[in-house]
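By written order: A, B, C, D and E. Residues from 1 in each chain.
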Amino acid sequence: GAKTEPTATGLTGKVVVAGSTSVQPLSEELASAFMDINPDVTIEIQGGGSGVGIKAAQDKIADFGSSSRELKAEEKATIANEYVIAKDGVAVVLDPANTVTDLSLDQIKQIFTGKITNWKEVGGADAPIVVVSREEGSGTRGAFVEITKVSEKDAAGTAVDNTTKDALVQPSTGAVKTTVANTPNTIGYISIGALDDTVKAIKVEGIDATEANVLAGDYKISRPFLYLSNTELTPAAQAFLDFILSAEGQAIVAKDFIPVQ
Amino acid sequence: MKAYEKIVEKLIIVCAIISTISVVLITVFIFRSGLPILMNYGVIDFIFGTNWSPTNGNYGILPLIAGTLSVTLGALIIGVPMGIASAIILSEILPGKVARVFKSAIELLAGIPSVVYGFFGLIVLVPAIRTFILPIVQLVVPKATTTGFSIFAGAIILAIMILPTIVSISENSIKAVPREFREASLALGANKMETIVRVIIPAAKSGIIASIILGMGRAIGETMAVILITGNMPKIPGGPLDSVATLTGTIAMEMGYADATHQQALFAVGIILFMIIMLLNAIAQISAHGLRGNN
Amino acid sequence: MIKKIKQGAFYGSIGLLAFLVMISLLSIMGYILFNGVGHINLEFLTKEPRSMGREGGIFSVIIGTLILTLFSVLIATPIGVAAAIFFTEYSAGKKWVGPIRFFTEILAGIPSIIFGLFGFAFFVIFLGLGWSILSGGLTLAIMILPTLIRATEESLKTVPMSYREGSLSLGATKLQTITRVIIPSCLPGILTGIILGVGRAIGETAAVMLTAGSNLRMPTSLLDSTRTMSVHLYTLASEGISLEKTFATASLLIIIVLIINTAANAITSKYIIKS
Amino acid sequence: MENASTKFEIDKLNLFYGSFQALIDIDMTIYTNKITALIGPSGCGKSTFIRTLNRMNDLILGVKTTGLVKFDEMDIYAVDYDVINLRKKVGMVFQKPNPFPKTIFENIVYGPKVHGEKNRDKLQEIVEKTLKEVALWEEVKDRLHKPALGLSGGQQQRLCIARCLAVEPEVILMDEPTSALDPVATSKIESLLEELVEKYTIVIVTHNMQQAGRVSDYTSFFLSGKVLETDKTEIIFSNPTNKKTEEYITGRFG
Amino acid sequence: MENASTKFEIDKLNLFYGSFQALIDIDMTIYTNKITALIGPSGCGKSTFIRTLNRMNDLILGVKTTGLVKFDEMDIYAVDYDVINLRKKVGMVFQKPNPFPKTIFENIVYGPKVHGEKNRDKLQEIVEKTLKEVALWEEVKDRLHKPALGLSGGQQQRLCIARCLAVEPEVILMDEPTSALDPVATSKIESLLEELVEKYTIVIVTHNMQQAGRVSDYTSFFLSGKVLETDKTEIIFSNPTNKKTEEYITGRFG
């Protein structure tokens, strides 16, 4: 434990982390473990969304802004430092009654772009498919549509998200999970960390959606959790970042998400 | 004494100015943040465009406008009669003690966070629409389908959410109608119903209308509950069982992750929302004045 | 005869509508309390959250909620009531009051996230107050102002002219008339505004998260960030952390609102002489 | 007294506002097509009594009534008694003028409309007729569609009388109907009473002894919640049985 | 007329409710320590006029006043005139009784409290004294802390008079103060007026010619917004200049 962190003791100060609500629970766990070792450091975790995280980093009102989506090119230009602290696998989920157990990336693409609209076309019962997606801008959606090619570059080279207009849209992991769990014939996608038996996670290209498979690179759909900073890190902030990236920090990450080292 | 009064009166003015300034500040804030994209993208394209997909650079909000109007209208159709009926029952019919309990219970609804309404709608109401309402509708329109995520679901939940506003404010103004008016009406042989409908409600009209306008504001502005149950499908709806996305829901849902241009677009949605509420208020005021002529 | 039928239909329909209100009320309350009350225990009330709120209690969150709500209502009530008084008593009939009232009403329909973003840009960043009870409270205060102003204005309007005349003719100043005759006779309306305002403030998530933040620890000053119960249960529910704790938090919130409302009603009815 | 038929028969009527007894063991008969005047010092219960005759006191919380009030032989406090019909037949003009916050026109047609009259011409006719009866027509004929609350005190009161007449009741209860009126209007109302009494039964509360003496057929003297004496007006004014009555009446002036 | 000093001097006063002119070119003098009665038919502008004397019409939207009203030599419509002080010195009793929705006690001490009186014993004393003056003490002494709105109409009016007296004004404006009162109470109020006039200046609107004749020193006759005649009361009643005045007064009864 604490011995791997020689610089931490005697540290004081306050570190503010603000932004993505998806990263927030993880940050909170990391912070409380860190504060157990460094009782004189206060770490404040704020939500608000990735947009707020990016803005907080840009305007230097937080030590770290957090984001659960990749930065756009123009955003990258305004942020000095970007740290990937964890990865989050994205599982494709169906309502538990569905008999389908495996889909290829292409089938998923056809479903989410509205080309396939009935479960019987992919080996299930004869029932219309109800697509559940996340809101525009969501990191989970960003990662999902990119890897499944639901989003493709057009002739001009800009990515176009072709998610069907007939998709139900839910604004959070919890909402997608509850929707899929309670609505027959649905398909959606949520963070692997949030999986439980109310929904059924399927294999993609024959690979189970597990943290191990993401880590091994076999399961493809994942997104990064980012810490962003535009300032010279304070000693306390630096120590917190070091702690997160240390073996001990990554062990905490591994409880629900995918470590980066 | 005099000096003290002057100071307090100045303070009152200061308070009025503060509230006016906050109103102005927010208005300016919304317009400053949203106007640039509205101008660049074109007001007409923005308002009448039917494709909302900001990540692809399409900012047509007609479907969102349709969604907001249909859900709000639905909420008012359901909520206003319920609210006014409750206000009447509370102030004119139920005995004092029972009325107080009923009223406190309704006021309690105001303090429940909207996420809770949202999850209630998501887990109870949406499946109920799918399993109970849909079969009934199918008796008439056999081809009807719905996932339950619908205008109807949104309208019901919003109707419940605006009840406290409508009930409490209406009830206060009904109660404030002087007893002389009731007596005069009853003494002419009018029954209680006629007295309520022809004398009390018209006399309390200003308060009732204010309550409806505030309730409408709440319905339009409500987000967390709506985004969980209307399906957020930016398509122009064909019926009350279709999914819709609303202006406010879209703002709330997408703002958290939005990048700079997307955020601007969401503020532009805010501007349009501003206009729509202005329009609806004007309609409400005008219809109220129209009524006055007839009474 | 026709009258009897009409009247029957009238009472029948308003009765039915009110019954529907009861049903909705009971089903929502019942749903939340049924799922939540069982999980409220001493630990939940007195311990700090652990493991993202999946375990432990919500003590700091309860305190944060109370402080933030109290703060915002304490700011908004005097301003709102004073503004309403100004609009109805001091500038009745003035042309420019109309537009202000109009804008105020529009603000009632602006989604709270916009208030949140405004508060974030203005209080948190521009004024440098950071994520704090101060930023959050001020933002919420602005948000509940419209309701408060309108409810107060409506009840001011119902005060009969003869009360004002009676007071002024005794040589009372306008202010004395307002504080000693008008306000006491429209306390119920003001109270309604406050109760609706408290409800909105206590149930708000988006605006609070952006301005008061969502820090889990116990706040020690107005400049500290805090997490309210609504924000907490939003996080629990939307990140799918713990449904149990979500319901427990929601139930507790209802109980707290009930206590606040009852207390407010009791206090005002003490000050009103019924005729 | 026996030569007139009876409209109201009141027997051992008691009325309490909470624990305060405002009427004590009232016995009284009110005769058809006669004017009965109620006199007595302020606070003695005249308004309270007159309001029991159309059950207007039902509206006040905490009022308890015992005893018998018979209207056309029927006990109006019986459980299944049709109060609406009673009030239609027993009109009332209140002590404080109480026009509705509506136009002058709407105030008068309120009653007829409630009782089913829809014909616009008929309503117009009613308005004109009743306003003339109360001598208000000339003053308001150009502003029939203006708010009634913009009228002067006396005008409001006359409007309220007109509003009552518009329903064509059998009995008219009047609680100091002329106290807000000037002599000219008062004399018009008084002559109106003389006309009305041909068709209607009238009960009038008045502080004006001359008025009671002038217009009424019977007079009741109230004191502290009791009726001390009821008799033909001539008798009450010339030869009262009760000493208190005499004192009150001779304490008069003018 | 010259032997009394002047309290109010009114010169070419005009008053409009919106576009309706309710007062036309009123000239009048009101003398100190005298009772001036205003008479005239309903709707002629008496209430409107009396309300200009303490600027109570300021409260009504759309009222426009022109001309001069001087109180103690000062133009009360001047921009910097202290209206509060005016109203403190010029008390008013309204046509419809308007007690506050407070207790009887609180109604009376309202004025004194507003003007800074805090001493409980003093306030108690004021309540008792003024209630006795208006002959209400006996009726309400056991319920001083009950709501004033539970009083009868006449009781409410006497309470309002007491409330006005409690402020000890210089002038008392009374708009038909006794129309809701019975003869006994009226005669008490009238004797009260006789006492008060030693210290106060009184302006009273009344429909009761006898009352005007009995109590007032001067009488003004209003008709359709104009003052037709003002003079010593004896003269107005015995030998009016204007034919209309004579008609109105002789049209009296009782």
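Methods note: a contact is a pair of C-beta atoms (placed from the backbone, for glycine too) under 8 Å apart; a residue touches a chain by one contact, two chains touch by 3 or more.
This is a predicted model, so every value here is computed, not measured.
Engineer: Walk from chain A over to chain D along touching chains and report the minimum step count.
Structural biologist: Each step joins two touching chains, and the minimum needed here is 2.
Engineer: How big is the rotation, 0 to 180°, that puts the C-alpha atoms of chain D on those of chain E, in steps of 5?
Structural biologist: The two chains, chain D and chain E, differ by a rotation of 180 degrees.
Engineer: Distance-wise, how many Å sit between the C-alpha centres of chain B and chain E, to the nearest whole number?
Structural biologist: Roughly 50 Å separates the two chain centres.
Engineer: Using Cα averages as centroids, what's the distance between chain A and chain B in whole Å?
Structural biologist: Comparing mean C-alpha positions, chain B is 34 Å from chain A.
Engineer: Averaging over Cα atoms per chain, report the distance between chain A and chain E in Å.
Structural biologist: Chain A and chain E have C-alpha centres separated by 80 Å.
Engineer: Centroid of chain C to centroid of chain D, CA atoms only: how many Å?
Structural biologist: Result: the chain centres lie 49 Å from each other.
Engineer: Could you tell me which residues belong to chain D and also touch two or more other chains?
Structural biologist: 96
Engineer: Which positions in chain A are in touch with at least two other chains?
Structural biologist: Expected reply: 21, 48, 52, 171, 175, 178.
Engineer: Can you list the chain B residues in contact with two or more other chains?
Structural biologist: Expected reply: 119, 178, 191, 252, 255.
Engineer: Taking the complex as given, what residues does chain C use to touch chain A?
Structural biologist: Its residues touching chain A are 50-52, 120, 124-125, 130-131, 209-210, 213-217, 225, 231, 235, 237-241.
Engineer: Give every residue of chain E touching chain C within the complex, in rising order.
Structural biologist: Per the stated touch rule, the residues are 54, 56, 59, 61-62, 84-85, 87-89, 91-92, 94, 96, 98-103, 110-111, 113-115, 147, 149-150, 160, 163-164, 167, 169.
Engineer: Sort out for me which residues of chain E touch chain D in the complex.
Structural biologist: Per the stated touch rule, the residues are 17, 39-43, 47, 95-97, 139, 150-155, 158, 176, 179-187, 207-211, 214, 248, 251-254.
Engineer: Using the touch rule from the top, collect the residues of chain C that touch chain B in their complex.
Structural biologist: Interface residues on the chain C side: 3, 6-7, 10-11, 13-15, 17-18, 20-22, 24-25, 27-29, 31-32, 78-80, 82-83, 85-87, 90, 100, 102-115, 117-118, 121-122, 142, 145-147, 149-151, 153-155, 157-158, 160, 173-175, 188-189, 192, 195-196, 198-200, 202-206, 229-230, 233-234, 237-238, 246, 250, 253-254, 256-258, 260-262, 265.
Engineer: Note which residues of chain A are touching chain C in the complex, please.
Structural biologist: Those in contact with chain C are residues 16, 18, 21-22, 24-25, 28-29, 32, 42, 44-48, 52, 59, 61, 171-175, 177-178, 190, 194, 196.
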